[in-house]
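Below, each structure is written out as structure tokens.
Next come two complexes built around subunit A: one with subunit B, the other with subunit C.
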Partner chain A sequence: MTAAPLTRAPTPTVPWGGPGRRGPRHLLDFYLTTARTAIAEQFQYRAANYAYMIGMVVEPVVYLVVWTTVAKAEGGAVGGVTAGDFVAYYIVWTLVRNMNIVFTPYGWEERIREGHFSALLLRPMHPLHFDLAYFAGWKVVVIILWLPIAALLSLAFHPTFSLTWARAGAFVVAIWGAYLVRSLVLWLLGMLTFWTTRVSAPFELFFTLELLLSGRLVPLTLMPDWAQSIAAWTPFPSTFGFPIDTLAGNLDGPELARGLGVQLLWVLIGWGLVRLTWPRAVRRYAAVGG
Partner chain B sequence: MPAGNVPRVTRGRPDVEVQQLRRTFQVAERDAGLVAALRGLGRRRTREVTAVDGVSFRVDPGEVVGFLGPNGAGKTTTLKMLTGLLHPTAGEARVLDAVPWRREPAFLARITLVMGNRNQLQWDLPALDSYEMNRSIYRLPPASFRRDRDDLVELLGIGDLVRKPVRTLSLGERMKAEIVGALLHQPQVLFLDEPTLGLDLVMQRRIRTFLAEYNRRRGATILLTSHYMADVEALCSRVLLIDTGRLLFDGSLRALADRFQARQTVTVTLADHAADLSGQMSGYGEVVQAEGGRVVLLVERERTSAVAGRILAEHRVDDLTIEDPSIEDVIERAFAGGAAS
Partner chain C sequence: MRRALGTAGTFLRVAVLHELQYRVNFYLQLVQSLVAAGTALAVLALVFGYTPELAGWSRDELLVVLGVHVLLGGVIQTAVQPNMTRLLQDIRQGTLDFALTKPLDAQWLVSTRELQVWHLADVAVGSVLVVVGAVRVGGAGPLDVALFALTLMLGTVMIYCAWLAVTVTGFWAVRMDVLVELFDGLYQAGRWPVTIYPGWLRVTFTFLVPLAFAVTVPAQALTQQLGPVAVLAAAALAALLVVLTRLLWLVGLRHYSGASA
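What follows is the complex of A and B.
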């Protein structure tokens, strides 16, 4: 049977609810409101957050101890990186790592399988905004909780910082740039779940490559040239190595500007790919059980 | 009630229009056991399941329509397509002049979907925080938002509850908080999927009263699924019956009863309480109960008046009542018959 064309409903004669004017101001309002909600929620779990952060400190402290020991054994430096530089690198690492924890691609399976996406999809805005805003609020809690941890690590391991106002300013921008880049990249990765539920293999491959090519395991300057060349073509250094080097390294003005520019480029690429992929992905949402 | 006494809106054209809507799913299946699992490694066996099979209907502005059917009938799948959560396999739909699955923000801002088994509020925070988020999502002016929120909270009687973390609320309390959150943006079309699921009778009645009031004052269109016939009888002027993805009936509750209510219940209390007249009474209709002079009969509707007259003429009767069967019975009969509309 051929369906006849549907009639058009007219505009209501009374003003129905719904969005007022749309624009950057309202998006900013949403981000601030959602971030405030996240802060309130995460402060309820401050003990759990602290335990989580302290648990995450173990990894950089292991790297820190290993590399400072190696540096001292090598006469004070490895590849030009001193023991104090390593300490500075891994203390900043703890903040950068926590800053770039975003909605995990592993969480997409539950969102899709349990239908949790439905609530996000019913909202008159892209669901990415909620994840960005909510996790951004969490970061505020993370930064506040990180400060005493960083102070304790500094007292214990004596980092070498050569801080300038330019580097400090660039660092503030770079950690949020890292947050955006990693959010977008992991969103793209998570969207694979719309096509297959067997996603752990590509996820594991991604995280292994990230570990090696981002500066998470070891400062990128200590990696072989070929690895550094490959890394330069990926978003990984923008999420770890660059923001850490911004504060703990010796980057000059042009290097800082270039690094921030690369982050911006990855944000634009990531956002473009999300915009391109999302309509195809969401068509596959079966909302099973949701 | 938000926005005060807004007169019923006359919009003329349907708010919801659906034609030949169809949705199928590919479902993997295999037999139990290791051998079947190993066989599945080579080639995965799938089966196409049709959840919604060519459904067509329309809902006019301000109508409250019950969407009824057994589990797995296709109700929720249809609602998901009409709210843009699912793309159909075939067919057309328009809700408020929009194609739902295009998910345009202007469309999403004018509808709401409440699912009785799903939580849309922030679990660890008071509902007030989620409402504030909704204000920013739907870009509601702060002053009218606060007024509407307070009105809704008062109407549902949850003033003390909206300051407690949602996870500490009972199911009924949470559902009321959910409904407030779902209506803050004054949706024009409400899709309600089992909104009273698991609630006690008092809570069910309160939510029904609230929805009826919302519809009356705002003239909002409501499409409601429920397994509680009390919801349907209290709210719906019209029902859609769906089973195995196909629409069986579309019409008023009265028309449904007329169509499927083939028999009425005649209860006779005889003056002679000791008499055992069930044998004699079987001539009037099917005796379903006979005890101490009280006999309950099922009689074809068209014969009811005549049978009642005969009983009164032929026996000494203390009391005689004629009742329609419950709507549950009517609907059960409709599904059993699988009748087409």
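What follows is the complex of A and C.
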């Protein structure tokens, strides 16, 4: 749950279009170049990426073991979820969690203290673009490294899937939707650093709420009804529960479309709030020295 | 021996004096510890809302396991992890020179010089959970408490050894900072008794990462589920790990090339 060293600010080294070159084509160019750099960079750190991923796999394996134990003790299912369903849920969880790793809110402190932030401000585009592009490129590496882990987990725990083309297609879109929603939400949270230096307590509180209300801890259908109603009003299910359910659950066409629509809504809200907060945050920033 | 203990005492005093300058941090840490413990309790409530017992463990017994996990986690964060993080950094940057040139055993020095006293908040919260759980289970006599203290101490030694063994690999491979994440992730598995895990995982959590001896065994001592064999095994494994990590440390040191290389 805590900040990972791998998700700290990479030092931006990517060439950009130069002043005056704006517009969608140059932005696309920037995204592709940054993503390619990230892929090349992160492939060099295969071993480190793997060690990190294995440490992370422990969390869902623990949930999986606990809930399949409960399911077996209670005659095969808990609240309609069978042992095989739990296994499928937590295996898909591992990919969704990896897609969810974005620039950490703890990274802002370092960006500001070390002066990287001043460099970001000098660019002729919103700094959000760099983070989105860099981490998106990294995801390509992560997905490739994830495949053997998923195969091993499936061999060890026997999941049950009921796959359709619609679900598989929705899943491919939904994991990137989750990536965008969580990027924006954590960016907003990270900007808190401009107003206070004691950020770790609010951050921890945020991550605790996310753990409980997103479907990260347990499929949301097992939470008490009141918790589910609160969760429905937050972006959290869009980042964990929904993308996992598209592949591991039994959602039908309208449910898939609705979930993707909710993700889109949160992307728009998040982007709007970033646009609103960003100028105020920058105004509070004072660079020291050179 | 007396000098070694004396330096450790001095490190402790300096750490306390240093941290007392930032007293608000203690309250923030306490809030975070309480939030974390509250979350863990909510998870327990959720699980036991669906089932009366988990692999033979009752809710109150699992409260003891959770308490030991939080308590030991606090000890690790206070005294073990900060030292190992600094050791890793020193190996990478070559600043370990400053520790090696001191007229004191280097392993002792690098294992005692850093303390983050605020994480003792976790020790306090964990102790409360252990006491509440043990009282609700009932029946723990003085012998059980003594066995609990003994096995907890052995468990702490084993976790320290595992950490040091992992950190010492930094002498061979450079980018080992992710190992901290790896270890943190693995430690989370100790929140539940290792008996619930399937065979191959149970072996991993017993010998590779000694979570079984560090968390489950002390909890079993307090809930009167512990046989004398497990205590002897814990003592033997702790002794073995101390010797092995000492050897690994000495071999690793020979691979250390210093600041100028």
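By our rule, the second predicted complex is superposed on the first by the 267 of 290 C-alpha atoms of A that agree within 3 Å, B and C clash if a C-alpha of one lies under 4 Å from a C-alpha of the other, contacts with A are read in each partner's own complex, and residues count from 1 in each chain.
Please note the rule applied: a contact is a pair of C-beta atoms (placed from the backbone, for glycine too) under 8 Å apart; a residue touches a chain by one contact, two chains touch by 3 or more.
Worth saying up front: this structure is predicted, and the values here are computed from it rather than measured.
Applying the stated contact rule after C-alpha superposition, one finds that A:250 touches neither subunit B nor subunit C.
Of the two partner chains placed by superposition, A:229 touches none, neither subunit B nor subunit C. When the two structures are aligned on the shared chain, A:56 is found in touch with subunit C, with no touch to subunit B. Of the two partner chains, subunit B is the only one that A:119 touches; subunit C does not reach it.
Once chain A of one complex is fitted onto chain A of the other, the partner contacts of A:26 are limited to subunit B, with no touch recorded for subunit C. In the superposed model, A:73 lies in contact with subunit C only, and not with subunit B. Applying the stated contact rule after C-alpha superposition, one finds that A:160 touches neither subunit B nor subunit C. In the superposition on chain A, contact of A:217 is made with subunit C only, not with subunit B. Comparing the two complexes, residues 4, 6, 45 of subunit A contact subunit B in one case and subunit C in the other. Against subunit C, in their complex, subunit A makes its touches with residues 2, 4-6, 45, 47-48, 51-52, 54-59, 61-62, 65-67, 69-70, 73-74, 78-79, 156, 198, 200-201, 204-205, 208, 211-212, 217-218, 222-223. By the touch criterion stated above, subunit C contacts subunit A in their complex at residues 24, 28, 31-32, 35-36, 39, 42-43, 46-47, 50-51, 53-55, 173, 175, 177-186, 188-189, 191-192, 196-198, 200-201. Against subunit A, the residues of subunit B that register as touching in their complex are 2, 6-7, 9-15, 17, 19-20, 25, 54, 56, 61, 80, 83-87, 91-94, 96-97, 101, 103, 105-113, 115, 118, 120, 122, 124-125, 129-130, 132-133, 135-141, 148, 184-188, 219.
Subunit A contributes residues 1, 3-4, 6-10, 12-14, 16-22, 26, 29-30, 32-34, 37, 40-41, 44-45, 115, 118-119, 121-125, 282-283, 285-287, 290 to its touches with subunit B in the complex.
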